[in-house]
Amino acid sequence: MSNEVVVSIRNLTKRFGKTVVFEDVSLDVHRSEVVAIVGPSGAGKSTLIRCVNRLHPFDEGSLQVLNHQLNKGSQFPSKQVLNDIRTRVGMVFQTFNLFPHLSVLENVILAPIEVKKVPRKQAIQQAMELLDMVGLSEHANKYPKRMSGGQQQRVAIARALAMEPEIMLFDEPTSMLDPELVGEVLDAIQRLAKDGMTLMLVTHEMQFAKEVADTVVIMADHRIIEKGPSREVLENPRTGRAQAFLKRVLNPVHATELEREVAVGHGGGR
Amino acid sequence: MMKGVLITLKLTGSSLVVALVFGFILALMRLSTSKTLNLIGTWYIEIVRAVPVLVIIFLAYYSLGNILTLSGFTAAVVSLGAFYATQYGEIFRGAILGVDKGQTEAASALGMPSRTIMRKVILPQAFFTILPPATNQLSNLIKDTSLVFTIGISDLMFQAYSAASNNFLPLDMLLEAGVIYFVFYLVLSKLLARWELNVQRSRS
Amino acid sequence: MHIVGLYISPIAIGALKDLILTILSTLLSFVLGILFAAGRLYGHPVIKLVIGWYVEIIRGLPAILQLFIIFFGLTQIGINLSPLTAGLIWLVAYGTGYAVEIFRSGIMDVAQGQREAASALGLGRWITMRKVIVPQAFALMLPALTSFVVLQLKNTTLLYLIGYADIMYQARLGADATEAPGTLYLMAAAAYLIMSLVIGRIGYRLEKRATAYR
Amino acid sequence: GTSGSSNNLLSKVESTHTLTIAESAYAPEDFQDPSTKQWTGYDVNILRGFAKSLGANLKIDSMPFSSSIQAVADKRDDLTIDIYYTKKRANVLDFSRPMLNYNDVIAVNSQNPTVTSPTLASLKGKKIAVVVGSAEVKEAQNIPGAIVKQYSTVAESFLALSTGRVNADLQPDTDVAWAKQKNPNLKIKILGAVPSSIAPPISSLRGYYGVPKGSYSTAFLAKLNAYLKQIASNGTEQKILNKYGMTSSVFLKGIASAPNTYSGN
Amino acid sequence: MSNEVVVSIRNLTKRFGKTVVFEDVSLDVHRSEVVAIVGPSGAGKSTLIRCVNRLHPFDEGSLQVLNHQLNKGSQFPSKQVLNDIRTRVGMVFQTFNLFPHLSVLENVILAPIEVKKVPRKQAIQQAMELLDMVGLSEHANKYPKRMSGGQQQRVAIARALAMEPEIMLFDEPTSMLDPELVGEVLDAIQRLAKDGMTLMLVTHEMQFAKEVADTVVIMADHRIIEKGPSREVLENPRTGRAQAFLKRVLNPVHATELEREVAVGHGGGR
């Protein structure tokens, strides 16, 4: 992790219509830092990282991504800026979102060819290297639907990496996977971290967050309720809300009567 | 009857082209962010779909005749095209909307501009959702071309009808035409459906 | 305007006749459609086959051709039907062909999990049908049923071709007598438009109510 | 449509007190008055009188012309009116004694006539309107290179002519004249002189009433023929003609002396 | 756990068409025993417990459920036998399968009224007690779609309990739930176990299985590869296949290169 701040979030507020998703959120992400964002469902984790690559606009505060200052409000930034951010910030979704009509290889080379105008031959060569890295080079000509979830997610990682991004955003990349297949994907992400990629990662895998992330951010009740070095935050959370959340997630069996009621109340509000 | 078949096919083909082009425009109108375009598209579809095809044919042929005289064939193509555009418009719109939002997001996140997304990601996927309902509507279109005999176009239905009013063997004549229509229907609904299934299977 | 005044009441009467035919044929088609759908889903293989082909033939032949076969064609083998009888028979035969498919897919579209949950609770086939499948299928089918009624209404247009005195028949006579088809066919279109929109509206209301649980 | 159980048309009409005619609205022979919605016209007047003589009411079944012959052949309706004799029709219908003497004419668009002389030769390669199932279809199809456009009623064929969709319309002169007179907006006119302006003249110009073929209709037809002969000779028919402005004596040429059944002319 | 065997599975084989789902599976379940079935996706866990309440037929072997001997082959048992099994064996599905057109209360009372002919009043009273037990009595008049997944699953449990079954089958009852909501449902199941209900439970929650189940069964490769007391099986699996499976599930992050390849191979076969 270097001192260079690549994503700077200051007092950010985001609303959908009248509902506030989060308010007054501030966070700096440094080059090569791995930031894990955790928190209950509906806390706004996905929305936060989607603001970073401008899939969503924001309403208040300021947001700087890779020396671009993004404007608040729904007006799009200029084409160049948007293009620069989108190519330098890669994203991997919970539901993989592979293009089902394209083979694995075509999925990976589409953006380099269409956006970066990389010659096809070169794009294929680079794609094969990436597929090799995620252990899927033999599956290059398969269609995504023929693959397991874990394999699909690794293709999605390769696809994002093909744009040679400086920052990678992951939104619950393993939550749609069978428990047995989770390892494959976490493994690929861990490798990126080791190679010095800047990562922002929404996850429910606390064990993974603890071991791989430099920083853990807990979001709840429309705010960041706690952030800091991962071990510190996950092992000794300071606020009661954070403690309750972590207890429930780490040890679902031991939820006490009281906590169960809290959870019921929460569920009822969905 | 063979002459009638040719006219029926010609009519179907021309109406289909009109319906596809106009339908695509309608879909874009209804998908557009402009409230006015959206409203015009919606009302057009609501109204035209509520009126029987035969009435539309009569309107195009007779009512429009006061302002602008269309030949029978043109009037038939215009009215069938106008009606089926509403069907195809809704099919296109549904298919485009039906492509998972995640696809657009994933493509945007990769830096693709919206035209590339439409061309390379949305339309190719929408195409396969469009095929089954589109062939279904095509077979409806062929059947509805039979209505144009009422404005004196000598299509397949007309041949059967006028032959019957000449030789007074209505059952034979109508069944003969029926068999031809049914063959078209089977080809469209069974053979094309099978082909679609194969294409789809090869990708999922 | 003169012509509108002259022909508004015959067209209104024609519209009423069409509406009554629509309702009558819809009800009959629904009853037959449900029976056929049950036959197609659970019946003897021969019954399944016969109903399957019946549906294909109804869907494969132009509407007008079917009507003409019933009205004109059957006379060749000595069956003479009045326009009203022939029209009603055709509307029901045609409607049944479409209703079968609506009911069948409505029943099949209720998730398999619902059947399994009902079995696991020990609910018998009949109770499962009545209490679990049909209420959900009905909600799923309502949009299709609404379009079905509109389709039947639009089909009544064709009956004037066999001399049944409906909207189109009146418009046609008017057009012949006054040579002002522009106005008269617009009036006919308006009559159909109003009825279709009203049916659509009623369907939408029912749908809202039936799917309140979602 | 009434298809009674009786196997004799006359007794059926007498017992049901209804005489049903199949027609397709040719004015001024049989048409619905726009303001009263009552059926009226030359044939309607005659047949109403005939029905009355049998103690029956007249009922009108209106349909496309091509269906009207079929309807009577099928005994769906009792009688059809104003038809020409053809061999094919004679296979399914019996004919009454000859009625009006019709003159087919060539009608053209009055503003932009694209045919100029009333000869069949001048119709070569033109678009000609006729009514589906009518005898004129054959005549038009015999003209070399002609494109025959078939309409289901005579009114529709006039509209097609008026809007310029066709170059000419082959119809009886009375119908053209009546339509033109009742609807001045209609841009149609008769080419050449009336009567019998086409050269060479089109054959089979007599109109007849048609009834179901065979012994079923024999008694009925006898009564009908007797009635028709009576009104032709006592001036009733001429009165009816005058009522509809059909004043030319050509219409009734030879009618009183005509034989009781189709004679082949 | 008593000595009475309530479910006796002997050399059971089940095929769908030509594909073998499992072969030669034997297992005894005693009254009040809690049996957890674990194993990789596609191992046939769901199919096995669905044979117990005759949602599926089986092809070879013998199966005795609550003193009814079930026949092999697709012919249904007699109406009485089927009815007796279905009312005495309750089932809770992964996807809840509540009846969406009925309110929570109506969901719970439907089967008692229609099958057991319990008077409506009494059925309602009993249903309210059950809903109270799963902490949902205030939601009795809601429609299922308006509730969180955790709440829906608890309604499904109450619905099954309303038939007063002697055995309850659970098929991955928490795998469709947000991690935070898992606790609510596991809590309800744990309570059933404590009350002495006989349970057969397919689950991916190893921690839960270890603490609540008496017996753990591991299925893989169309067979039962290991079964025994829960702690023993989960902490000291004997076979290599079981070890590999448990390692991956318990510690996805630490999957070694070799195991990752195994997982890839497995995923490719889906």
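A, B, C, D and E label the chains in the order they appear, each numbered from 1.
By definition in this document, contacts are C-beta pairs under 8 Å (C-beta built on N, C-alpha and C of every residue); 3 or more make two chains touch, one makes a residue touch a chain.
As the structure is a computational prediction, the values presented were derived from the model and not from experiment.
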(request) Provide the labels of all chains in contact with subunit A and in contact with subunit D. (result) B
(message) Measuring between Cα centroids, what's the chain most distant from subunit E?
(response) D
(request) Sort out for me whether B-D or C-D is joined by the greater number of C-beta contact pairs. (result) C-D
(message) Need the most distant chain from subunit C, centre defined as the mean of C-alpha atoms.
(response) A
(request) List the centre-to-centre spacing of subunit D and subunit E in whole Å, with centres computed as mean CA coordinates. (result) 83
(message) Suppose each chain is reduced to the average of its Cα coordinates; what separation in Å results between subunit B and subunit C?
(response) 21
(message) I'd like to verify one number: the distance from the centre of subunit A to the centre of subunit E, where each centre is the average of its C-alpha atoms, in whole angstrom.
(response) 34
(request) Between subunit B and subunit E, tell me the centre distance in angstrom, where each centre is the average of that chain's C-alpha atoms. (result) 50
(request) Can you tell me which residues of subunit E touch two or more of the remaining chains? (result) none
(request) Could you check subunit D for residues that touch two or more other chains and list them? (result) 67, 70, 73, 156, 159
(message) Where in subunit C do residues touch at least two different other chains?
(response) 72, 75, 161, 175, 181
(request) Identify every two-chain combination in which the chains touch. (result) A-B, A-E, B-C, B-D, C-D, C-E
(request) Mind listing the subunit B positions that touch subunit D in their complex? (result) 62, 65-66, 69, 71-72, 150-152, 154, 158, 161-162, 164-168, 170
(message) Please output the residues of subunit C touching subunit D within their complex, sorted ascending.
(response) 3, 6-7, 10, 72, 75, 80, 82-83, 161-163, 169, 172-181
(request) Show which residues of subunit A lie in contact with subunit B when the two form their complex. (result) 53, 55, 79, 83, 86-87, 89-91, 93, 95, 97-101, 110-111, 114-115, 143, 145-146, 156, 159-160, 163
(request) Would you mind writing out the residues of subunit E in touch with subunit A in their complex? (result) 40-41, 135-136, 139, 147-151, 174, 178-184, 186-187, 190, 204-205, 207-208, 211-212, 245, 248-249, 251-255, 259-261, 263-264, 266-268, 270
(message) Show me the residue ranges of subunit D that touch subunit C in the complex, using the header's touch definition.
(response) 1-3, 25, 27, 31-35, 37, 61-64, 67, 70-71, 73-76, 153-156, 158-159, 162, 179, 182-183, 185-186
